[in-house]
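Presented sequentially are two complexes of chain A, the first with chain B as partner and the second with chain C.
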Partner chain A sequence: MKLEIEYWHRGYQQILRDCGQDGSVWILCRPTVDALCAARILSFLLRADHIAHHLLCCTNLEEDLKQASAVATCVVLLHMGAPQNLTKWYQGRQIYVLDPARPVHLANIHANRDIVVFWDIDETEIPSDGENLSGNESSSESEDDDESSEEDDEEEDSSVASSDRDEGEFEYQDENDENAGDPLQQQQEENQEDSDDDDHDDDSSVGRAKKPRREDEEDETESYEKERDTTEAMEETEPTTVPTAESTPALLTPRQWQQDRRQRIERYYSAGSYYGAPAAFVAYQLATQLRFGDHTTLLWLACVGVTDAYWHGRLDLTGYSTLALQLRQACQKLDADDSDDIALRARNTVYAEQLSSNGATGERTKLSLRGTGRVFSQPDYKFFLLRFSSLLDAMMYSDTVSTQLQLYRPAGMNKLKELLAKMGFPLTECQQPYAFMKPALRRMLASKLQEYAEEYGLENLEYTSFLRITGYQSVLSAADAAHAAAALLDFGSDKDDMFNRALDALQSNAPPRVMDLQNEDNLVNGGSLTGNPLGYGLHLAMKLQKKIFAAAASLMERNAITSLAHFRYAYVGDESVLAKPAVLTRLAQYLFQLHRVNGKWVGRPLILLAKDDDFYTVAGYEYTEKAGDWVRNRWGQHFALAAQSMTGTFSFGHDSHVIRVGSDDVQRFLEQLHYLMDSA
Partner chain B sequence: MNTAQPSLLLPAAGQDGSSFRASFSAEETHVEVIPDFTASPSFMAGVPVQVPLWKAELLQTRSLGRIVFPDWLSIDKLRPILQQEKTQPLLTTSLPFYYYELTRKLTNRPRHDDTNPDVLRLLVEDIFQVRVEKLRQQFPAYLALMEDQDIPKVDVPGIASAELVLLGPFLLQALGDRALLLQQTKTNKNDAAEERGEDTVTGEPIRPKVPLRRFRR
Partner chain C sequence: MDFGRYGRELLLELKRSNAAYNDTLVSSCLQDLNLHVCALGDQVAAASRDQHASTDGKPKLSMSVRPSILLQEAAIHRNKRCLLTYHWVRLQRIQKQYWSPRQEENEEPQQLGPAEEDFLQAYQQLHQRYAQNTLPFVDDLRAHAGLPPLNTERVLLRVVTAPTEGPVVLASGVSVEFRVGATHFLPWNDVEEWVRKGHLRVLTGEEHNE
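Showing the complex of A and B:
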């Protein structure tokens, strides 16, 4: 069921009621920073209410759900599960889903109360409950998800391929059983229903020759409708569609109505995947609806989660602005913004003389007090980890600057140095760690950038960012924290170990030291994994950014991006870190932006292929006119179609636009994709 | 070091668990809490109620209420007390026994009102240092008071738990050693006097039998 935003707290209270004294919650968390932040927020809430809970990093949803269903009182899924049919994998207890991925599988919405999807505001039309929505008749995407959902460590071999086919046949048989006497089944996976369903549906009220599943579905439908009428503790939500066909049945024949409905359902699934509000933001809203609105730690985690979603392409510019505005208002409510209120600033500065004597004459000694973790919002530059590296490095590895000035070319580097020289910044100073740069230069940075950056096309260098005071007056930005945690997750080989490190890195009370990024080899100095995970994460983040840029540069130099009629594709290098979907997303965005500035690419989508042991991670990305826009990603369906129409080893992960293909089948897969898109 | 003799090494601060015990005992003090929930008979949302500190801390951790600082824990009250401590020879009696521990516990969390908890911490720390220094300076006077007693005791009005924790072990150890030395001297003198048939002598300079450690300059 959909849980609307006003009623999120009731979902949480239901968790409390279910768990009672001895129940336990299992939180299954995808290894992304957004999910980690949401996990920390949820864990805080559950701890305050004395509920036992387990936090698990989950790469194989089906297995983990099966394991959990035996033990847990209820399960919370963070950043996964919404597009998959959860009713198939988890019976009995309740699942709560905080997942920004859309479209949500209709079975999850129209199931009974066992599956609760936390729903943010979304104007998409959702087909209502009714026939043709049984858990068996799932979308093409989710069928593939059901069949094989491993992502990282498992070995894939041809047995999986054959099981794919077996399951496909099995599905075929099921549907065959369901519609007895109807030998014609759809071969195309785009259609959700059987082509001859209408005959049966017409008989549905009369003939009970239905198979048990269909009956259950109808029972469910009836009971769901009954439940809708009674008032319960949890608000039921009405389906959001208002199909005119239903309200005026006299105008359409039943067959026409069926077709219309099928089309609506098809449209719902085939419009492409998109994202709602990040899980961390949802968790923070939930916390404010409960009694935890005053905790700056939770607000900080929400900021980090939102920033991470923006960086990995799950939020467009408008989305980020909207959420950032709300978070900024929350910041100001909690700790009034210093920069606006001089009186408040005066109140917060303390002089030693005030403590010892009443009069303050002559010079006063200002005391530096702990910042107590205050979060505030400030426009910040889009430079990469500015506070922890040098100005030159930060600008060189910033997406905006690097793409605008085309820094992969030597001419681009010269332009950057020219810009710095014009601003009056000596190169040696720019190569110093930013914290050690001359204070005069740092103060000048803002005004000089405003003056000179426009000449070089660097217009939007600032964005609303969130900063947290850690320790005594040292400051950490949400982007830095998100990068550090993401790098820890991306570089990890042992998923549980790195998951825990990234969780630690989000704890944010220990300020990472400035020298962390300078000494690659010297990890003893505060950049060690055990000592300071945030520092180590920053070090890895810089390394990762350099790798991404190097990969992009090598692709450009070698002209390795092949253009076909319907899409471009490129084989990205050999490193295992580049095979992570999150990293590929950033690389794709970087390439898109480079070519937008170049003017060389006009419209086609991009597929990136990265080798990962015996597999290739294939990720598809849509082209947008401007950086920061968002277009619904239809690669999920194309991949699924191609995978089904050929033999080979395939597996989907959590994202629909990412598929793992066996190395032998990759080339054929691409050809098949192209062929299908040609014929479509 | 001759280990047969009682050790002259002082226990390091905190290693005897006394500060932890003090902190634990401090949690019995009652503070005022404004709960956010209603659970009859004692808790009504928005109505201040006196509860022990341990309960108040639990409520605060679970975001079920907030603690109201006691009256003495404010800049306006603490500054004059600091002045008083600096000028008067006696310890002030207007602070509660567990003032130091209470301040530490209450000022740990960020507060969303006007009080700045760090300033209060600084003030209380200053007060504590001044009081400890005063006690150290007055220590010889206290010793003189205790000289003639069998069980040395002295009444220090206004002393608080934190000072006791800091100076207590030292005091006990020092007085114990002093008593031991005195006793040994008396025994030696009496032995010597008995051998010579004289009365027991007191008041002579004490020559300890245990070799004292010589400190290098």
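Showing the complex of A and C:
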């Protein structure tokens, strides 16, 4: 079932009820920064309620779900599971899904209370419950084929039906739960009430949420007649609804209705994949609905998760602005100093003279309080790790500056140096760590950029960022924390070790120190793996950014990006870190932006291939007109079709637009892909 | 005046050995510090007299004395930093001696001066008084060093090495399967022994940062 935003707390209350005294929750967490932030928030909530829980890094969902089902009271999936049919692996344990990936598999939506999806987007059309929720059947099959495929689907849907609950047992649980005030039961009832008022078509699934799963396949005529009755009842309450072919199935034969439903399911899945609100934001909203809205640490984790989603292309500019506004309001609520209300800030200011009994008059000394842990929002530059590197490096390795000035060319570097010179910043100062630059120059930076940046085509250099005070006059931005944690996840081969390093880095309150990021050996003044994981993560983040830029420059210098009729593709290289999907995403975004600026690319999507042991990680990306835009990614379907139509070794991950292909099959896979797109 | 040489020697001695408190060197460092303070005071006074002698009326130190004043100030700060560092490190070693009385095989024993012995004794008494007043069932705080004091708490743990194979049901009724690297939140009673043996490591959560 889908749990709407205003009722998320009911899902959590259900977890508490299910666990009781000796139950436990298994949190299966995908190794992404967003999921890690959500895991930390959720773990905090469960610790506050003294609920035993276990947090594991999950790379094989099916295997881990089966393992968890043996011991867990309920399972929470973070940043995974929504697009997969979880009912296939469901073994009697409640599953809660906080996953921004869309579209959500219909079997998960119609799985009653067994699977609860925290829902943040209002889908306008969700196909109803019934057979073929995976959308595997084509709409052109005959009735005889329908009957035979029903038997095939029965095996798939039987996992939905055979939840070891027959109708009688479900009703028994219904009564019991109603008497005990079951939060999810209440939610289902409210969903059913709301569905009567919804302006959905006859396939609204919400009203059917309470109906028990049928074990036997229902006759199509019966289901068709029930749909018709439901539609007629809805039409009586909504006389203003204009009757269409879809809303008046009385005009369709059962076969036509079935075909129509198949088409709707096909449209639902074929529209392409996209993302909703990040899991960390969802977890923070859940925390505010409970009693934890005033914890700045949880707010900080939400900021890091949202920022990570933005920098890794899972949130477009509009989405980030919307969420950033809400987080900014939360910051102001928690900290009056961040408020726009000047009078409020003045009331909260403390002066040293006020603390002495004689109350000296004259010039007063404002006390700057330690404020460690305070989170506030302010515009920040899109420079890379500015606070922990030099101004020159931060601009050189910034996506915005690097693409706009085409820094991979010598002429581009000259432009950057010219800009700095015009701004009055000596090169030697720009090569110093930013924290050690002359204060006068740092104060001038904003005004000088405003004056000269436009001349070089540098627009939109600022964005709303979130910062946290980590020590006296020491500040960490959410982007820096996200980059550091992401780098810790991307480097290294032991997945549990990488996962825990990143988890510790997000929890670390120790301020990362300014260090010489040029000298890889010099970690004495910076972070070490055991001492300060966040500092080490920052060091790796700069290293990773350099690798990404170097890979892009290499592709362009060698003209290694091949253009075909339907897409462009490129083999990225042999480094294992470049085979990580998150890294490929950043590389693709960088390449798109680079070629948008020089006008060489228009319209065609991009496929990147990176070698990873005996496989190739193949990732497909859609082209957008502007940086920060988002279009639905249809590569998942193309990849699935190509994999089905040829023999080879394939493996799908959590992201539908990423597939792992055996090294021997990758070239044929590309050819097959092109052939299928050509013939479509 | 040695411009911070004694301070540097203090630090070098810290790095070199676990020798006893070097009272002589500390005294020399303090003496050097005082000499620099007096010299700075004299220079500033002399420079102020010269200012009054100037004709333009604006108070300005002569350029010729400024480097000297800056150098004196730097020497004073350096001596102070070295003294503070020396005492801080020795303090840490004394506290470590209390909390971890068993030493590593290759580690030299820390030698303490008379004042440091007194400090260690006072530190021990302070902890014993605290334990008696607040935790009557605890004989020695050192037995619980780094571990949660209350048996009924649940603690956040990370698995260093799996203490059991396969799923296991703990005394409290919680089922768990320990996997290396996984994080668990479990009753302290159930896992205390495994924590002491090093299979599990206690973590701190966000609530400790608030």
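Things to note:
By our rule, the second predicted complex is superposed on the first by the 523 of 680 C-alpha atoms of A that agree within 3 Å, B and C clash if a C-alpha of one lies under 4 Å from a C-alpha of the other, contacts with A are read in each partner's own complex, and residues count from 1 in each chain.
The rule is simple: a contact is a pair of C-beta atoms (placed from the backbone, for glycine too) under 8 Å apart; a residue touches a chain by one contact, two chains touch by 3 or more.
Treat the numbers as computed from the prediction; the structure is a model and nothing was measured.
Contacts of A:H53 after superposition on the shared chain: chain C is touched, whereas chain B is not.
Once the two complexes are laid over each other on the shared chain, residue contacts for A:Q21 go to chain C alone; chain B is not touched.
More chain A residues lie in contact with C than with the other chain of the pair chain B and chain C. When the two complexes are overlaid on their common chain A, residue A:L334 makes contact with chain B while staying clear of chain C. When both complexes are overlaid on chain A, the residue A:R40 reaches chain C alone and has no touch with chain B. After overlaying the two complexes on the shared chain, residue contacts for A:G373 are found with chain B and with chain C alike. In the superposed model, A:R291 makes contact with chain B only, not with chain C. Of the two partner chains, neither chain B nor chain C is touched by A:Q432. The intersection of chain A residues touching chain B with those touching chain C, taken from the two complexes, comprises 48, 50, 295-296, 373. Those residues of chain A whose C-beta lies close enough to touch chain B in the complex are 48-50, 291-292, 294-296, 334-335, 347-348, 350, 355-358, 367, 369-370, 372-374.
Chain A contributes residues 21-24, 40, 43-44, 46-48, 50-57, 67, 70-72, 295-298, 373, 496-497, 499-500, 503, 507, 509 to its touches with chain C in the complex. Every residue of chain B that touches chain A in the complex is listed here, in rising order: 36, 61-64, 79, 82-83, 110, 112, 114, 116-119, 122-123, 126. Against chain A, in their complex, chain C makes its touches with residues 154, 156, 158, 167, 172-177, 179-187, 204-207, 209-210.
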